[in-house]
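Chains: A, B and C, in written order; residue numbering restarts at 1 for each.
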Amino acid sequence: MIEVRQLRREFRVASKKGRFRREYKTVVAVDDVSFDVAAGEAVGYVGPNGAGKSTTIKMLTGILVPTGGTVRVNGVDPARQRKELARRIGVVFGQRSQLWWDLPLRDSFALLRSIYRVNSSDHGKRLEECVDLLELAPFLDTPVRQLSLGQRMRGEVTAALLHAPELLVLDEPTIGLDLESKERLREFLAGLNRRGTTLLLTTHDLDDIERLCPRLMVIDHGTVLADGPLAELRAEVTPERVLVIDLREPLNLPPLPGVTEVRSEAGGLRHHLTFRRAETTAAALITEVVRHVEVHDLAVVEPEIDDVVRRLYARTSAATDSTPDVVDL
Amino acid sequence: MRVHADLIIAGFRRYSTYRQAMLAGMTTNVVFGLLRAAVLTAAVRTASGTIAAYDIAATYTYVWLGQGLLGFVLLWGDTTLATRVRTGDVVVDLYRPWNLQTAMLAEDVGRAGYAVVTRLVPPIAFGALLFPFRWPEHPLTWPLFVVSALLALVTCYGVRFLINLATFWLLDNRGLVSFWNVTSGLLCGMVVPVAFYPGWAQVALWATPFPALLQAPINVFLERDYFSLAHQAFWAVALLVAGHLVLRRAVRKVVVQGG
Amino acid sequence: MAEPVYRKIIAARVRSQMSYRASFAVECLSQVIAQAFELVVILVLFTRINALGGFGVDEVVLMFAIAAIAFGFADLVAGQLDDLPTFIRSGTFDAVLLRPLGTLPQMMSTDIRLRRVGRVFAGVVTLAYALTHVNIDWTPWKVLLVVVAPLAGGVILGSVWVVACSVCFWLIESRELANSVTYGSGAFTSYPITVFSKGLRYLMAYVVPGAFVAYYPSLALLGRSDPLGAPGWIGWISPLVALVAAAFAGAFWRFAVRHYRGTGS
């Protein structure tokens, strides 16, 4: 579906030198990025502000032309066949609207039908589906400028799907939404992916990834730091897990094999045992614990996804002390 | 008075940050000056050298002074208050311990101070260097011109303030603004000197505040008459009083409607 | 604009602008007034003189009227390009690039300034007045010219608009600069080019082909020779000039968008 090889993008940035002189320097926003996305996948693309996420997305969708490397999306070169590609993919930008702000959603959708040359029975069917799943009916006739952000985003997603794209690219789709709207949108996107639409989404909200994307790509300073299933990245980056046990009566625990740290709370009723995956398993540790004390309840806590990503960033900034200039367009 | 001095300085600073826009504005101003001067001087030339005591030099001077004063008095493009009324932010302004009308005037004086450097002087200098120009003969004309320009600023502020206040009743004053934008050039004597008009039209125009905004200071500079100053002084006071009264009604309206 | 999709976009825009009926009426009316006031300037001058640049009042009004219609048309289709800096800054231009349509026709149709119809209307009325007050030896060709000249002039001024606004892709703050070219051309074309100094004439009449908007076609209609010595046929070629201008503007726009997307620099 997506094939990216040694993708590179530079920008010339002017900086003021004195009152009238200007100096131009080249900054690299995306540097030697390669990845593939297969049909039907759902990939989360994360990184801090200015990491090169948006620049990558813009090159994938044909807005920006790469400085070097190749991109193929759906078998099409985005830079050269922009209009061709536009018919085949759907794009949602969380912070910029693609709807007509003073037209009702219904009219915007009708216009999009003619722009994308969708025949009216297909259009009608898909619109009905979206209206149904995203509950658009109550505000279909409201001008876009009067919609709440959550309502507008649902409209944006519908607008991007009416021409039945095989790939949906979402740039920060949940930004600024309240919890309920976020959840509703995630549910819809998950269903969409189950029915075969490929998803690529950038986000700051890692819950989006947790809910939607089995695969995670992390980018910083223009290069991909990590790419793989979320579970694997977790294991790789955070070798420790935590076992939380609640006891029937307050007790101190004896030293246990493989446990690196014990934190107790509630006066000794609850203990957090940090252990290394390499040295013991959760099962072995639990067996060991119940031999010593009477356990009321227990849980194994995976490190938070935020923590995984934070550690990934930290790993690279420690490795590369001289950070290159990166801009995010 | 202290707060007003600070506001003047803040107004000056705020406008001094837009350097690129300022250069673009200067260019636009000069281009339009050239076009206007060409038409008017062509007319004066065909009329064997003078129309209504405007000779070629006086005509050029009229055009370049007009182009300069335009930005100094800010004839067009002041929508700050209207926007704040529309968004409701004006409530904050009204509850501040200041007189909104004089506070905004102080800010406008600061803006105009900056405009002296960027908007008033450049087109006049440009015109004076490249075209025939009529400098004042009497030294007293200079201080009188300064007074007249300031009165023009206050009068123009008075008009703008009223147009902006209209938002309290119209909710959207953009229609009014576009009326003002298309009519003010002619009414203020910016496109054609008021003296070129037929007699009855001149009488009618001088009965309104509009010539005070541009034609009056030009008249003073060209040493045509000093009646202009009295006209300006009258309208500056009248418009400020009107603004004060209208603002009071507007405040009452806001208080009654609860914002 | 042959494709039905643009017809639909424009129809939708028109509908939404008409929904603010009062504000639309006011803005339309102020366009009529703007045009009328510009005419007043000419009339005031002619209370003091008998000729301007070698032309009588009705002849100048004829040029003014053709220029007014042309400018109205240009503003109608290309005027919204004034907002290009906002489009670029807010990222809305990216959304334009995401649709399977050309960027320029999209920009022209998405926010058509319908209120400019007021200016076209005022221009047509003025033209009717002028035509009944000047001496024209009517031929079928001249009838055609009266109809075609304002349209060709509209295309020429529209092309000027496109080129001037394209500069925003390099200089985002250049809106006012663009205005001096677009509105400046509008003002320039309303008068006989003989009133302008050589430098201004060279720039605005020939580099920017402003003389072909109203001046030369008016000469052809009036059957007058150009005081500046241009050949007689020049008044008939404004449609050709319009085609060249439009082709140039289209190419320039594409070049500018390529720069924006990153291959032009």
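The definition used in the following text is that a contact is a pair of C-beta atoms (placed from the backbone, for glycine too) under 8 Å apart; a residue touches a chain by one contact, two chains touch by 3 or more.
Please read these numbers as outputs of a predicted model, since none were measured by experiment.
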{"item": "Chain-level touch network, classified as line, ring, star, complete or other", "value": "line"}
{"item": "Selected pair, greater C-beta contact count between A-C and B-C", "value": "B-C"}
{"item": "Interchain centroid distance [CA atoms averaged], chain A/chain B, Å", "value": "54"}
{"item": "Between chain C and chain B, distance of the C-alpha-averaged centres to the nearest whole Å", "value": "29"}
{"item": "Where chain A and chain C are represented by their mean Cα positions, the distance between them in whole Å", "value": "48"}
{"item": "Shared interface positions of chain C, touching two or more other chains", "value": "none"}
{"item": "Contacts with two or more other chains, residues of chain B listed in rising order", "value": "none"}
{"item": "Parts of chain A lying in touch with chain C, wherever the complex brings them together", "value": "9, 12, 58, 61-67, 79, 82-84, 86-87, 91, 93, 95-98, 100, 102-103, 107, 110-111, 114-117, 143"}
{"item": "Footprint of chain A on chain C - complex, ascending", "value": "4-5, 8-9, 12, 15-16, 19, 90-92, 94-95, 97-102, 110, 258, 261-263, 265"}
{"item": "Residue ranges of chain C in contact with chain B within the complex", "value": "22-23, 26-27, 30-31, 33-34, 37, 40-41, 44-45, 47-53, 171, 173-177, 179-181, 183-184, 187-188, 191, 194-197, 200"}
{"item": "Interface residues, chain B side, partner chain C - complex", "value": "20-21, 24-25, 27-28, 31-32, 34-35, 38-40, 42-43, 46-47, 51-52, 172, 174-175, 178-179, 181-183, 185-186, 191-192, 196-198"}
